[in-house]
Amino acid sequence: MKTLLLSGLALAMLTVGASAQTVRLGTEGAYEPWNFMDANGQVAGLDIDVGNELCQRAGLTCEWVINDWDTIIPNLLAGNYDAILAGMSITEERQQSIDFTADYSPPDVSRYMVLTGTTIDFDSLQNVRIGVQSNTIQAGYAGDNLAQGNTIVSFEQAPQALADLSAGSIDVILADESYVTEIVANSSGGFELVGPEVEVGGGVGAGLRKSDTELKAKLDEALAAAKADGTIDSLIAKWFPQREGPFYLN
Amino acid sequence: MNLLDAIFADIALMARPALFNIYFAFAAIPLGFLFAVLLALGKASHNRLTSAFSRGYIYAFRGSPFFIQLFMIYSLVLSLNIPLWRPWGISWLMLSPLFLGPAILMLNTAAYTAEILYGALRTIPKGEVEAGRAFGMSRLQQFRFVTWPHMIRIAWPAYTNEVVFLFHATALVYFTLPVIDNQQDLMNKARELFERDYNVFLHFSVAAGYFLAISLVIFFIFRRIYRRLMAHLPAEPDRRIRYAPRWL
Amino acid sequence: MVDLLPAWLADGLGDEALFWFGYLTDGRHLAWYSSVQFTLIAALLGGLCALGFGLLGAGMVGSRALPVRLFGKAYVNMVRGVPDVLFFLFFPLAFEQGVEWMASSVICSPEDIAANPGRWPPCPAANWILGTWEYLLLASVSLGIVYGAFTANVIHGALNAVPRGQIEAARAYGFSASQVFWRIRVRQMWIYALPGLSNVWLLLIKATALLSLLQIVDIVSWAGRLGAPNFTPSAGLVHPDWRWYYYLVLLLFYVLLTFLSEKGFAALTRWAGRGMAVAEARA
């Protein structure tokens, strides 16, 4: 056991040494079009394009790490990667444990999505099965405000909620407008948005450990430049044809 | 907070989640056992079709991971919601983890239990069955009075292990099925607590303690039943149930 | 991949078959197929570890020294009460924290630790980054520990199944205790242990389905991602929920693995049993 521990230690030192040059970026890879696995089996999406852009501008070598959504903050803190770019909204609750760069996608409301033709009475909102992705701002909102009289069904990944909505096992999904709008647009009338807009969370930023002030400064500087010359705007427009700009250009 | 307080706090937090694991296991046991008896008799049957089905079922469920069975059956049941469950008005039942969890556990444990019972079935002396027939027993009577008592006594120790394994398998249910409101099981709760303070030793040990304690209770109860089953037989030096993993 | 097909075959298949061939050989599917390597590596490495821990455990259970024997018994019986998935998650995390704790006692200066109160690891330099391969290694070791306990049971039983006469004969020839153990008991026990080892192996390969819980993007994780409904054309083919087809493929994969393993062990048993009068051991 001791030799095992020591060899583990040696391995640890090696990886610590190697990590000095490479910045590891964590993402989920299951939240189209923010981040997903493309036809080549590689991660792609807005988060990935933004991450690569920032790394290039800041002169950093970056590599992507895939991690499940529900452990994405713990594994950032545990040091398995150095930044989260996973369509993560900047919220006060998350800011208690991690830091964020400035937003690279402006604040986004949350919307209810149903199978087309479903009617839900949003004034009383009772006896409805509401699907959310666990550990999201929507899950927090639903738990705080909608749990009375309704059933909250939590899924580990957003597409799982989508599958359950299609199969009618939940009545409605509460998710980021940017996410559901693209789905509605491509579902050939299968889904529609209903009800009020729900205001939760801020813009989407890159999550960082609080101790990594140097990395935060580098990324923020690169982000400010990418916003100013319109790169971020064009990236958002590329991945979200349904969203209306301009986002950061005046 | 000192260590002891932390442990007691965890024990209190995990009491309700533990009930979910107990519920999953015990909801699956009765029907699983019944189905297993049918499968075992099916496998031993002279009817080719029955035998082939039972063999195939047992092989498929014993030959693949429970984790994948959970994923597969959940997504299959989900895709049948609109064509079947919805028109029949049983969506609320079929898609509830509290029904589906035990149902999939039941399908799984039936295969393992059937293999145990089938093994026991083959040890029954031919002479005993023939004696029953000579007494003029019907086939049902032969099963009830000759085959069944023999089979259950032979199979009981292995079945005990299977029930403990089944209980352990409940740890996987909420890794795959959606979580409704705040229905959490032990693993779910342990992971949630771990993600708050990274104290892997504390939370996982308390969860392990719950599993251990409940497993010991299962062993205790099943040993009592075994003594009863064997009460009429002359005492043997060693009639303890030995633990062995999921095989014969 | 469609481009790689010879022209006559591509023409013969027709458009629809070509479309599905293209879909099933796109980059994501190729990544899925190649992720089988994680499953197989974890099974083989885990199996080796299990054999090692099993021999060690059996040695401890059979030891004359009471503390060693008690420790061995505690290890072998651990699997009675704790689900494998719990240990599977616990061990890599605990090992990581253990390494980081040791590293921190060497690397971290007291000022670093003071600057990071209540954080883990105590200072950033002591952080051990776990990637897929590190997790795979740790997963294999934890599979080895869990199924090593089962293996120890099997080997302990097999060691005792070696006929006493042979051991006595060896002693009579003047073999030392260690010679008797290694040259007679360990040499002879395999034929008695093989049926049990085969069963442990079958349990172990099924446990490799849990790799995705350690952030390894393995066959189970890919099946979920590929089968999940997709409504974003830029992310590939738009399709509804196809997960259960993908999981069915996994199920069949594992059944096939089980079948091949059984065949392999049957051949091994025949080979190990040549020239030995142990028909009853095979039952």
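Chains here go by letter, A, B and C, matching the order in which they are written, and residues are numbered from 1 within each.
We adopt the following convention: a residue touches a chain if its C-beta (ideal position, glycine included) is under 8 Å from a C-beta of that chain, and two chains touch if they have at least 3 such contacts.
Just so it is clear, the structure is predicted and the values come from calculations on it, not from any experiment.
> Looking at CA centres, what chain is most distant from chain B?
The most distant chain relative to chain B turns out to be A.
> Which chain has its Cα centroid closest to the overall Cα centroid?
So the chain nearest the centre of the shown protein is C.
> List the centre-to-centre spacing of chain A and chain B in whole Å, with centres computed as mean CA coordinates.
From the centre of chain A to the centre of chain B is 39 Å.
> In angstrom, rounded to a whole number, how far apart do the mean CA points of chain A and chain C lie?
33
> I'd like the Å distance between the centres of chain B and chain C, where a centre is the mean of that chain's Cα atoms.
Chain B and chain C have C-alpha centres separated by 23 Å.
> Mind pulling the residue numbers of chain C that touch at least two other chains?
120, 224, 241, 243
> Which positions in chain A are in touch with at least two other chains?
71, 77-78, 160, 163, 167
> Which parts of chain B, given as residue numbers and ranges, touch two or more other chains?
Expected reply: 75, 78-79, 194, 198.
> Note which residues of chain B are touching chain A in the complex, please.
75, 78-79, 81-82, 86, 91, 95, 178-181, 194-195, 198
> Can you tell me which positions in chain C touch chain B when the two form their complex?
Where chain C meets chain B, its residues are 77, 79-87, 89-90, 93-94, 97, 120, 150, 153, 199-200, 202-203, 206-210, 213, 220, 223-224, 227, 241, 243-244, 247-248, 250-252, 254-255, 258-259.
> Which positions of chain A touch chain B when the two form their complex?
70-71, 73-74, 77-78, 131, 134, 147, 151-155, 160, 163-164, 167-169
> Which part of chain C faces chain A closely enough to touch in the complex?
Against chain A, chain C makes touches at 26-32, 95-96, 98-100, 102-103, 116, 119-121, 124-131, 134, 141, 215, 217, 224-225, 228-236, 238, 240-241, 243.
> Mind pulling up the chain B residues that touch chain C in the complex?
Against chain C, chain B makes touches at 59-60, 62-69, 71-72, 75-76, 78-79, 164, 168-169, 171-172, 175, 187, 190-191, 194, 198, 200-201, 204, 207-208, 211-213, 215-216, 219, 243-247.
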